[in-house]
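First subunit A sits with subunit B, and in the next complex the same chain sits with subunit C.
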Partner chain A sequence: MGIESLIEKISDKGQEGFAGIWEDEHQFVEAARKTREAGVEGFEAISPFPLHGIDEAMGIPRSFIPWVTFFAGLTGCAFGLWFTWWTSAVDWPIIIAGKPMWSLPAFIPVVFELTILFGALSSVGALIAICGLPKVEPPVIDATLSSHRFALFVPKKAKGFDQQKLTDLFKQSGATEVKETRF
Partner chain B sequence: MSASTHATRSAPQPLVVSSRLKTISMVFAFLGLASFVALLFMNKERAWHAYLTGYFYFTSLALGGMFFAAIQHLSKAGWSVNIRRLSESMASFLPVAFVGGVILLIGAPTLYLWLDKGAVAADHLLQHKSGYLNMTFFVIRLVAFFGIWIFFWNKIIGLSVKQDETGEEKITSKLTAFSVAFAPFFAITYSFFSIDLLMSLEPHWFSTMFGVYAFAGLFQSTLAFLVLLVIYCMKKGVLTGYVDENHLHDLGKFLFAFTVFWAYIAYSQFMLIWYANLPEETVFFIHRMHGGWLWVSASLIVFKFIVPFLALLPQRAKRNPNHLASVAVLILIMQYVDFYWLVYPNLDSHHVVFSIFEVLVWLGFGGAFLMTTFRFLSKNAIIPRKDPRQAESNHHHVVY
Partner chain C sequence: MIKRTPLILGSKTYKDITDDICELVENWPPLRYFAGLMSAKFLFLFFILAQGAIVFKGMGLMGVNHPVGWGTDIVTFVFWIGIGHAGTLISAILFLFRQKWRTSIARTAEAMTVFAVMTAGLFPVLHTGRPWLAYWLLPYPNQRGPLWVNFRSPLVWDVFAVSTYATVSIVFWYIGMVPDLATIRDRAKNPWRKRIYGALSLGWRGTARNWNHYEMVYMLLAGLSTPLVLSVHSIVSFDFAVASLPGWHTTIFPPYFVAGAIFSGFAMVVTLMTIVRILVPKFKDYITLDHMEAMNKIIMATGMMVGYAYGSEFFIAWYSGVEYEQYAFLNRAFGPMAWSYWIMVTCNVFIPQVFWFKAVRRSIPLMFVVSIFVNIGMWFERFVITVTSLHRDFLPANWGEFHFTIFDAGALFGSFGLFLTLFLLYIRALPAISIAEVKPVLTYGKDGGHDGH
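Then we have the complex of A and B:
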């Protein structure tokens, strides 16, 4: 099997949908707000840079990743406590400096680092998972979206999808281009 | 974006301080003075320990206010311009602190064992340290510290106030330069100030981390006081259009970070001494790990770190003024407990000695601190008037 056919096989095909493209960021944020207000749910915004207020305009709730970090951190903390106890007081007890087998002050750094390690790696893992990464050769709506233009993409199966209504809404709110595409 | 950033802004004015607040701070100051004098007659040693605790607490807050302003200048921060004047106001306690330091010299022989000639003559270690720990050098250092602090206070706060009138942009770069110069001076002077006044209470003991431990508490409590000051002014409506929950959010993050920093430093100091287990180092913790002092030590871990840590963790906690204010109050109380824990075992290493007198003497310094702080705020606009970075602060928006 050649490398190209392999890439073809594992590449991300995206989903069918409808996109509008804007030149102006303020119009774009407004358009996102109107799209949400029109009852569309589960659409995407693509921008070359972070936009203030886009989360709120699209009605994106706060991410649940902080909870992943919190509970993974707690897990790391508990694991660190258990593991230092097991290694130094159960599995291979050695008296060091005449201190008790399981001397908490000596193990706080280990527990602290494991808390951070578990919390950090789980956050990154959760981020990768909910973004559906890695994506191999995902479909591109328009190359200019990585330099100076902005797009809204509504998948066909999104709630409230109505191509005619979306065309009107996008054009009225300043879209310079609308098209059927995959993303 | 959020509607609050579009609120109307009126020109920044000095704060109109209510007569009630003025009366309360004067009553505090008077009660403190009266209790101190009463204590002097009842128990001289205890009076000076109470004095040192309150004195160090509020001198640290004053320096902390100046330090906060300085790091905003040296990092060229824009977000904090609208709250900077409030931190500057805290530093106006410094001249009073100098007078308080001179008064402390009267009590020094009562507080410090190394000033007792008989004790030094009988103790090899104290003789060894007498090159540093002696009255003359102590006075020279104290005067030098305040000389340096008051010089920078004149520059860093004086120039900032001057810019309100002239609006010169050159002042902003001068402020950056003075703040950069202040940073190392502050690090050195405050470390030695804490070594002289607090660490030398136990002259046999030494800890290479004591300076940074004192600094960690200083900055944590400074941020807590600043949070309260900002929320107080917000509730009075004088910061409308300039300061909103976005500024609180960043102050809350600062408070959270330095709560963790304090715990990190406190633990590091303890762990190094515990691990090495050298008698002249462990003496400090042995007093604080037995009897009632054990509970005071435990309360520091729980209420100066664990509770504020969890209480400041959620995003909403940092954007909610009432919640943030209650955490700030807890931290300010625990900062008192921290200094009490540093000072009082020197008075009685076996029993926890505490009564209303300790609280009143501390309140006395608090009253003087509030008087100087609000006097400054009633004389100057509570928001810098012509800072070139002000627009950045007016539109401050925290997204995460």
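Then we have the complex of A and C:
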């Protein structure tokens, strides 16, 4: 099997839907709000950078990743405490410089570093998992969406999908382009 | 109302920003880029030759001997780790403090951190003399007991601190770059460029839901990096401070090392940003004189902090009443290696004082010269701490000299070749300014700006 066909096989095909493209971010955020108010659910807003107010407009809740960080950090801390204790005081206790077998103050730097390491890597792992990354060659609505334009995408399966209504709504709120596409 | 100065000069649109930043990635670089890259690689050869010879023949080629058992390798390790700290300060700490000016220099500063830590990490490993056994530094199940590492040793703390710092810095740098890699992927005409940057971008698509989590993770990483970076140089200072040697055994070391690290790191940022401004003239609109001036102010402030530490050390040595401690400091300033002490004081305390003058703070050639002096001064600071403390301690048998050899020179100067080679390859291959991060601050300080709060 050639590399091309392999990539073709594992690549992300996305789903069919309808998209509008905006040039101005303020009109775009407003359009996202109207789309949501029109009863459409499960649509996506694609922007080249994070936008102020888009979360409120679309009703996206605050990210829960801090909880992942917190518990991963606790795990790292607990693992560090257990590991330094087990290796130094249980598995092969060796007296070094007359210090106690379990010398907690001396172990704190290692425990601290493991807390940070577990917290950081788990947060990034959670981000990658939640965003469904990595995606292999996912469909792109428009190449400018990672540079200077903004798009709303409504999948055909989404609740409240009505192409005619969406076309009117998008055009009225300042979309410069509307099209059927995959994403 | 006091007028804010814009963070990005010229009247640019979002598209202009994308075009400007992608230019060096997508086009054949100018001739001066190759001149720089070739010079860096040439210097890198010295590193390979010197360290290759040391690995092949042994540590005897370097200046270390009794009583100075820690020489150029350890001095240069501390130097490069310190350089890295300014990158994290800019990318993480200034982010948490909502300093919007940091956005256009954060990416390159973080890259500097990654390459400086990579360079630094080689030195202690090579200093062991048997780098092929470097994995003994890690606690892993082995057939000697298992014999675990000694977690009471600052050297083991250092292994954990530096490897955690390297890992988290690389992850922070890379995650910050993912949306920009997607931008380059979307612009790519060449199918291979599209594929390579597509793979590097992990297939990022920039939906609002993804941005929501992404911004949270970015903030979390900044929040985790902040205590991390302070811990790393504190732990590096423990390598010295936990020993009972006069000149090393002081409680001021952790904050003193952290201030020195930020000081030297900012000097290196100024050095590199000057090079970047020369290589890519378009970046002058993003890395403006205001940025350089802000960094020069930080250099002067932290320079005075290390100056205070130098004075404080002397005072405490006198105040402690311990004659060995007092002798260690008098020996530094007036002994056989006094020249290194006064190079340090001149470069770190006196020369940065020129930044009291606004004209100097805003002059690129002058700040470049000062930043080089600061880099020299901070290398000598670590030299003074390491070598002058070791070369005379309690016993006459422990009195001796340090002889800097040509292999020390090769390792030291060559490491700049390694660092600059990595840095120049980065400038060419990856977006050197965060495309997604500078767009939201585009209107800052300009009339009609929406986000100028």
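Some notes on this structure:
Everything that follows uses one rule, which is that the second predicted complex is superposed on the first by the 183 of 183 C-alpha atoms of A that agree within 3 Å, B and C clash if a C-alpha of one lies under 4 Å from a C-alpha of the other, contacts with A are read in each partner's own complex, and residues count from 1 in each chain.
What we mean here is this: a residue touches a chain if its C-beta (ideal position, glycine included) is under 8 Å from a C-beta of that chain, and two chains touch if they have at least 3 such contacts.
Small disclaimer: the values here were computed from a predicted structure and weren't measured.
Contact with subunit C, but none with subunit B, is seen for A:88 once the two complexes are overlaid on the shared chain.
When the shared chain is aligned, subunit C comes close enough to touch A:116, but subunit B does not.
When the two structures are aligned on the shared chain, A:53 is found in touch with subunit B, with no touch to subunit C. Subunit A has more of its residues touched by C than by the other of subunit B and subunit C. In the superposed model, A:107 makes contact with subunit C only, not with subunit B.
In the superposition on chain A, contact of A:42 is made with neither subunit B nor subunit C. Using the contact criterion defined above for the overlaid structures, shared-chain residue A:97 touches subunit B and also reaches subunit C.
Residues common to the contacts of subunit A with subunit B and with subunit C across the two structures: 50, 52, 55, 62, 66, 97, 106, 109.
Within the complex formed with subunit B, the residues of subunit A that make contact are 50, 52-53, 55-56, 62, 66, 70, 97, 105-106, 108-109. Considering their complex, residues 7, 12, 26, 32, 44-52, 54-55, 58, 60, 62-63, 65-66, 69, 83-84, 87-88, 91-92, 94, 96-97, 99, 103, 106-107, 109-110, 112-114, 116-117, 119-121, 123-124, 126-128, 130-131, 133-138, 140, 143-148, 183 of subunit A touch subunit C. Every residue of subunit C that touches subunit A in the complex is listed here, in rising order: 13-15, 18, 139, 145-152, 154, 156-157, 160-161, 164, 167-168, 171-172, 175, 179, 182-183, 185-187, 195, 198-199, 202-217, 220-221, 224-225, 227-228, 231, 235, 238, 435-437, 439-440, 450-451. Residues 1-2, 267, 270-271, 274-275, 277, 313-315, 397, 399 of subunit B touch subunit A in their complex.
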